[in-house]
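Just passing along the structure, written as structure tokens.
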Amino acid sequence: MSELVRRNVPLIITFLVGMVMVLEYYTVSPEIMAVAEQINTWRVILYACVYLGTINLLRLHGRRVMRRTEGQWYFSAWTILIIVAYAVLGLYYGVESTNYRWMMDNVNVPLGSTMYASLAFYMAAGAYRVLRARNLGVALLLASAFLVIMGNTPLFPAMFPWFAAVRNWIFDTFVVGSYRAIRIGVGLGGVALGIRTLFGLETGYLGRRRGE
Amino acid sequence: MSSIFEKLQDIPRGLIFGLVIIAMAYPILNPIGLPITVGQTSKDAFNAVDETEDGSFVVFHVQYGAGGKPTLQPAAIAVSHHLFQKDVKVIYFVDNPVDLANTYEIFDKLDPAKYGKSYGEDYVVLSLTGPFLTQAAIVLGNLIETVPKDSEENNLVDLPMFEGYTETEDIGLVFQLTTSGDVSEGWVYQAVSRYNIRLVGGWLSMMTSSMIPYYQAGQILGFIDGSKGAADYEVLANHPGDAVMITDILSLTQLIYLALIVVGNIGYFGAKSLGEGKS
Amino acid sequence: MEFIRSGRILPFVALILFGVLMWVYRDQAKKGKVPWIKRIPAFNAMEEAVGRATEMGKSVVMVPGRGSLTDLFVAQTVAGLTVLNYVARLCARNSVKLWVPMANALVIPVARENVHDAYAAEDKLDEFDPVETLPFVSGSQFAWAAGVIGYYAREKPAANIMVGPFWAESMMLAESAARIGAVQIGGTARLYQIPFFAAVCDYVIIGEEMFAANAYLTRDTEVIVSLATTDVFRLAGWAIIVIGAILSTVGIKVITELLGV
């Protein structure tokens, strides 16, 4: 594929599709809205790419099984078995069936809940390791974290209501204020990135610099 | 002496995790019943539900999946208790199989028949797919035309609760329980900005700081702030359940966090004052 | 007949002004007046992190987040891919093993092309194995997190660079990588996760800084001018907030009404 096609065709497509979606958001034009609707419909076709993930998994783990990669091949064999089992059961019984839902409810849901619950342990270890008053910045972080944790703990506000007031004050001033500032910045940054992408000035995600 | 400060700075992770496990397990095995003070935001949420007009519809969006279930399922049960005590019709709406299972589990724990409520007459469960904003627009603005069947394959038009349903005007409240910030903000755009429908929210505690501006602006009438908010609602609805038990766990585990932070700093400053240790 | 949607006229005008201002800055940049931008320590640290991995003979993990190219977080995913390209080039140059755990199938082809080009630019295509370097770990949030944490535990990478959209798994990844002593650079524009990265990572990229990754990493003048334009609009926003707050306090709602146009 020539460099011209490889480099410029994606940028032209990005510009045309992007301009249609931008104009659809701002303007009242039935023609533009119709084109935008078609683009949204065709976007669904991209979801066919979900199979890329499965193919990738099977290639990676299949390779490990065939090569008997030390310490890993049996895990890879198990992964392939589970992928196939879920796929067969889902296709045969249907994803709304009792059998498939039993597997989701008794395997996926507890596993997901367990991983989410493990966050508590990571938070404990992280808070213990990080919140040391090494300098002024961390000391301020430590002080505010302490007050907020105490305000969040049901026990302290029940005993001393002012804990809740302090926590709310920290939230209403510092936290909300800084979140709003970051949000404004993120919005502006996103707009700038969007305009750069639209006009082909941002090509880092395509893996090449302009002119290379 | 110096080795004590070094050890305090470097408590093994196994010990930290063990303390957290004990803090979590003890209240489950031996409920303590530590005091709870109901927060203002939970009171506002309760009042907003309480003030919903009799005969109106309430859209209840259940979207917390497996990860948010321990935190928000108790809230969903408490709110459902409250709603079923009132003369309102509830449209439960989900967008994935896990939340569909969560919703039916609410009914298992709640027993709507106890309140004289029956499926199809007083409540229904809809299972939608697609982008969230589209789903919300459909449920609020164009339900009967766009969603022919409920999650049990009944035709919506055949269900007694939708007899005479006039879409948006009949919806008195939207109640959302979600772990997604984009969904919780999306409801503000769809329900409040677009259709001027009253909105109450429920989410994880870490999302509160981002959603507070909407509450301060009056767009969200009240909210359930994670496990503590769920416990508050259980107390207000007079149905203490898992969330109230969880507050004991919350109190103990957060005490452990505070103790660990204090110990770590004692170790740090102790070692520093002796001229050694980690920086 | 209405052409611009009601309530979106001011944003539309602002967007056009944004584009015009960018073009003005671009013209000035061509004449040699390039706006100055400060270096973000986190981007400096990426080269050091890869250097550390080279010395230790260990791998570099670069996580571009769990976003897709069709959801609300596409801007963050694009920023993550930009950083991926940079890190991939550094790894190729130093012959360091790179591992990029993918969580979204739609992003895989783009990321692969991205890393392939990076290796090609360094003339190291023979060292690039797309299946091993960019494996699809899982589409499920915590299954993916478990897979990444497992890699940290087994391979003990020297550097962990996370730039993109993250959810609850951010704390898990950061803490797990901290446990194995990896140098960590974390960046996201998802507000809920920024505090975790800020607390745990050695270097942090907060919010919009990641959208400026291309400018910081390549010093491309055409990209730098968009940063300057963003700063002008930020100052304008600040002025509108202050003036609007003062006027609203005294009962003059002109700014509030103007913003609703």
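Chains: A, B and C, in written order; residue numbering restarts at 1 for each.
The rule is short, and it goes like this: a contact is a pair of C-beta atoms (placed from the backbone, for glycine too) under 8 Å apart; a residue touches a chain by one contact, two chains touch by 3 or more.
The model shown is predicted, which means the values in this text are computed figures rather than measured ones.
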Contact pairs, highest-scoring chain pair: A-C
Chain nearest the overall C-alpha centroid of the shown protein atoms: A
Per Cα centroids, the chain farthest from chain A: B
Chain A-chain C separation of Cα centroids, rounded to whole Å: 13
For chain A paired with chain B, centre-to-centre distance based on mean C-alpha positions, whole Å: 21
Averaged-CA centre spacing for the pair chain C and chain B, given as whole angstrom: 31
Multi-partner residues of chain B (at least 2 other chains): 13, 67, 209-210
Multi-partner residues of chain C (each touching 2 or more other chains): 141-142, 168, 179, 191
Sites on chain A at which at least two other chains make contact: 108, 111-112, 115-116, 123, 125, 129, 131, 179
Complex interface listing, chain B residues touching chain C: 13, 67, 181-182, 206-207, 209-210
Chain C residues touching chain B - in the complex, by the definition given at the top: 72, 141-142, 168, 179, 190-192
Residues of chain A defined as touching chain C within the complex: 22, 25-29, 43, 46-47, 49-54, 56-57, 59-60, 63, 71, 108, 111-112, 115-116, 118-119, 122-123, 125-126, 129-131, 141, 179, 182-186, 188-197, 201-202, 204-210, 212
Chain B residues within the chain A interface of the complex: 9, 11, 13, 16-17, 19-20, 24, 34-37, 39, 65-70, 97-98, 101, 205, 208-210, 212-213, 216, 228, 231, 247, 250-251, 253-258, 260-261, 263-265, 268-269, 279
Chain A - residues contacting chain B, complex: 95-96, 101, 104-105, 108-113, 115-117, 120-121, 123-125, 127-129, 131-134, 142, 145-146, 149-150, 152-155, 157-159, 161, 164, 171-172, 175-176, 179-180
